[in-house]
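Chain IDs A, B, C, D, E and F follow the sequence of writing; residue 1 opens each chain.
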Amino acid sequence: MIQEIYFEDYQIGDTRQTLGRTITEADIVLHAGHTGDFFPHHMDAQWCKTQPFKQRIAHGTLTFAVGVGMTATLINPVAMTYGYERLRFPNPVHIGDTINVKVEITEKRDHERKPEFGFVTERLTVTKQDGSVVLVCDHLLLANKKA
Amino acid sequence: MIQEIYFEDYQIGDTRQTLGRTITEADIVLHAGHTGDFFPHHMDAQWCKTQPFKQRIAHGTLTFAVGVGMTATLINPVAMTYGYERLRFPNPVHIGDTINVKVEITEKRDHERKPEFGFVTERLTVTKQDGSVVLVCDHLLLANKKA
Amino acid sequence: MIQEIYFEDYQIGDTRQTLGRTITEADIVLHAGHTGDFFPHHMDAQWCKTQPFKQRIAHGTLTFAVGVGMTATLINPVAMTYGYERLRFPNPVHIGDTINVKVEITEKRDHERKPEFGFVTERLTVTKQDGSVVLVCDHLLLANKKA
Amino acid sequence: MIQEIYFEDYQIGDTRQTLGRTITEADIVLHAGHTGDFFPHHMDAQWCKTQPFKQRIAHGTLTFAVGVGMTATLINPVAMTYGYERLRFPNPVHIGDTINVKVEITEKRDHERKPEFGFVTERLTVTKQDGSVVLVCDHLLLANKKA
Amino acid sequence: MIQEIYFEDYQIGDTRQTLGRTITEADIVLHAGHTGDFFPHHMDAQWCKTQPFKQRIAHGTLTFAVGVGMTATLINPVAMTYGYERLRFPNPVHIGDTINVKVEITEKRDHERKPEFGFVTERLTVTKQDGSVVLVCDHLLLANKKA
Amino acid sequence: MIQEIYFEDYQIGDTRQTLGRTITEADIVLHAGHTGDFFPHHMDAQWCKTQPFKQRIAHGTLTFAVGVGMTATLINPVAMTYGYERLRFPNPVHIGDTINVKVEITEKRDHERKPEFGFVTERLTVTKQDGSVVLVCDHLLLANKKA
């Protein structure tokens, strides 16, 4: 869906929730193949048994890329990604975990030099089925102002 | 390769360079399929012709996940990823662009509460064949101290 | 997005349009690998040069699966797919073609034996950038009635 | 294998049976990524537990595309796909189900305007290991006549 | 297709030819991801320009795995793969090359200790569109004898 | 990593060991799709139950391609693959098995006609978690001499 959302339209405290998605062994295999990261933490079930976490863990970049992708349901032609801040992985994602993403508008500020733009911060919080947080980051949007 | 690198071993200013990798149309198709982000910026060559950037662009999460993956050649058992900071995409990656990643140690500091750990910042700079920067971010490592 | 749309809510003549998507060589390679159909019509560029169509063509099942997938943006908990009718491929899809899907409500009728349900026909028309139709079919929905 | 089979060669009642194939979690993940359909019916194991069907179900387009692909073992240069009719999904395919396809010639008729062609209907019946039917459709072939 | 072919049935000099298949950029990307071999010979178009071969080359293991796969059209329940010998890659496969495989029975001999088996050698010769050979190897089959 | 290793530098008896990798159902599905080999030995869990090996087995070409890929961690610009010899599969790889590869220098000899080159044989031995050998082959390298 395409919807124009201007800087003025974003309201601090607004939230939306994505659908859920189960992270599978296939996702980890595909992510390793896509990125070239075949570290045993993700790929070697035998070695993982000897480690404190006992089983394979999803790549941090997987949780990030899939988590961001899960929010990609609405195209806003008057805003663009400026960057991401404070990306953290408080808990691991294991094979079979189901994740959901909450997006919350947490901050707005004017652009320092360009009065026709403002920055909007969306906080992405990815949780899994037991309620624990597996990823949190701030998505910085550069949004057009209405006038 | 597995190599123990302790907090004390990291030297500010040390750099390493990855091999190069050409980002292909297949990578973008696979990344869309992996993440579920089928926005026309990445998937609709006709629509892109009508936009200022004229051609399809790689997902930001693709450049990040592949760029980080390109650095995954050395397993350090005494350090772990704590997070990422200040992730920016100064220039777009198009189909056929070849990227390289430079990793530079830019900062070290003690952990505030746990004296046996310190934080090490690796700056990742992803450039493409024309020398322009397509991604920059700070990778924060939590590293064990030797004693 | 989740939205309840009952039998009574569907209006004959209502249409919606999807985003566009460029069908790539990677899509054809992936579809062959997914389905096991490696016929030379899809996979052998040399042989295709000797045929009337001169170049590789996408599998009909690819155009159908991707075309249907492009319409999957809205979850309606009170309707389900009953089947598809009159699936036709009037023109071929080649590598690099960009497709769009129009969905139109073309028919409604009561269920013969279950008064709480009705059938809704969505006509899917997949066109490519030159306006030619590459797939048409009728998607039959079994929809709940309101009362 | 390549074999010329003309309109006259098709015999009503002739059947052939494909090899079997187990539909895996990886197939569903790949199909979602290929088509862009990430509906929770296919991708969210937690949510599925709350539904009558209790577990993830394969996309209808997956069963169709894979089922048709399983029949693609013989290239007939004198016939082509005209379309598909009456596509139905009587029972769901779950992860781990093994499917087989039976192809039966069920109908033949002359082309209305082109005397050198005829229509042949192949009925595709996809069953799984417990004998239940998961897909049925009629594949309409346009076949050359011999003289 | 399933067909019983016993040791006695194989005739030295018998040949069969596969269909053709164009090796695409997507195949190389997928093979790198499948195997973890991201060497610049396959993945870095810029670096390849500085090398004698000027362009990316398919992995040897790709040509082997795909070439062998192209011959997998007939299941013989009374023979099994014993191994491969003298695998060579006389010329490179580049993106866009179309390959075909010829299978020729070149040798038969009794099993040294098990009189109910014999060894059959199939020579696989993979050529591309200009007629040059890109792979040759001997496939050693262990075949049942009839009595 | 890039490192020049000349013919003279290789020492018979030198060994190196790769990281481990668990072969998943997804790997087998992807390998079938990549190569076109959908034989029931790899793809039909029901049929496999009726066979002596009871469960699906990885393609021999999968074990070979992945095993060779696992050794691809060091680029040596002064040596190239000449071929492979005596490829054998003593035991099957099943879904969930974890493999490791040992590389041992087993032979060195001068090139017959080109005095500036020599042949180096690396024996690849792929084992799984129970210690059994699943693949062995000789990798023949053509290596430059120093002077």
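In this section, a residue touches a chain if its C-beta (ideal position, glycine included) is under 8 Å from a C-beta of that chain, and two chains touch if they have at least 3 such contacts.
Quick caveat, the model's predicted, so the values are computed rather than measured.
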Other chains in touch with both chain B and chain D: A, C, E, F
Farthest chain relative to chain B (centres taken as mean CA coordinates): D
Pair of chains joined by more contacts [C-beta pairs], D-F or B-F: D-F
Whole-Å separation of chain centres (CA-atom averages), chain A against chain C: 30
Interchain centroid distance [CA atoms averaged], chain A/chain D, Å: 37
Mean-CA-position distance for chain F and chain E (Å): 16
Shared-contact residues (touching 2 or more other chains) in chain C: 19, 21, 24-27, 29-30, 33-34, 36, 38-40, 70, 75
Topology of the chain contact graph, where touching chains are joined (line, ring, star, complete, other): complete
Footprint of chain E on chain B - complex, ascending: 19-22, 24-27, 29-30, 96, 98, 129
Chain B to chain A touching residues, read off their complex: 21, 27, 30-31, 34-40, 59-62, 64-66, 68-70, 72, 75, 81-89, 137
Chain D-facing residues of chain F, complex: 24-26, 29-30, 33, 38-40, 43-47, 56
Parts of chain A lying in touch with chain C, wherever the complex brings them together: 1, 19, 73, 75
Residues on chain A engaged by chain E in the complex (per definition of touch): 30, 32-34, 36, 38
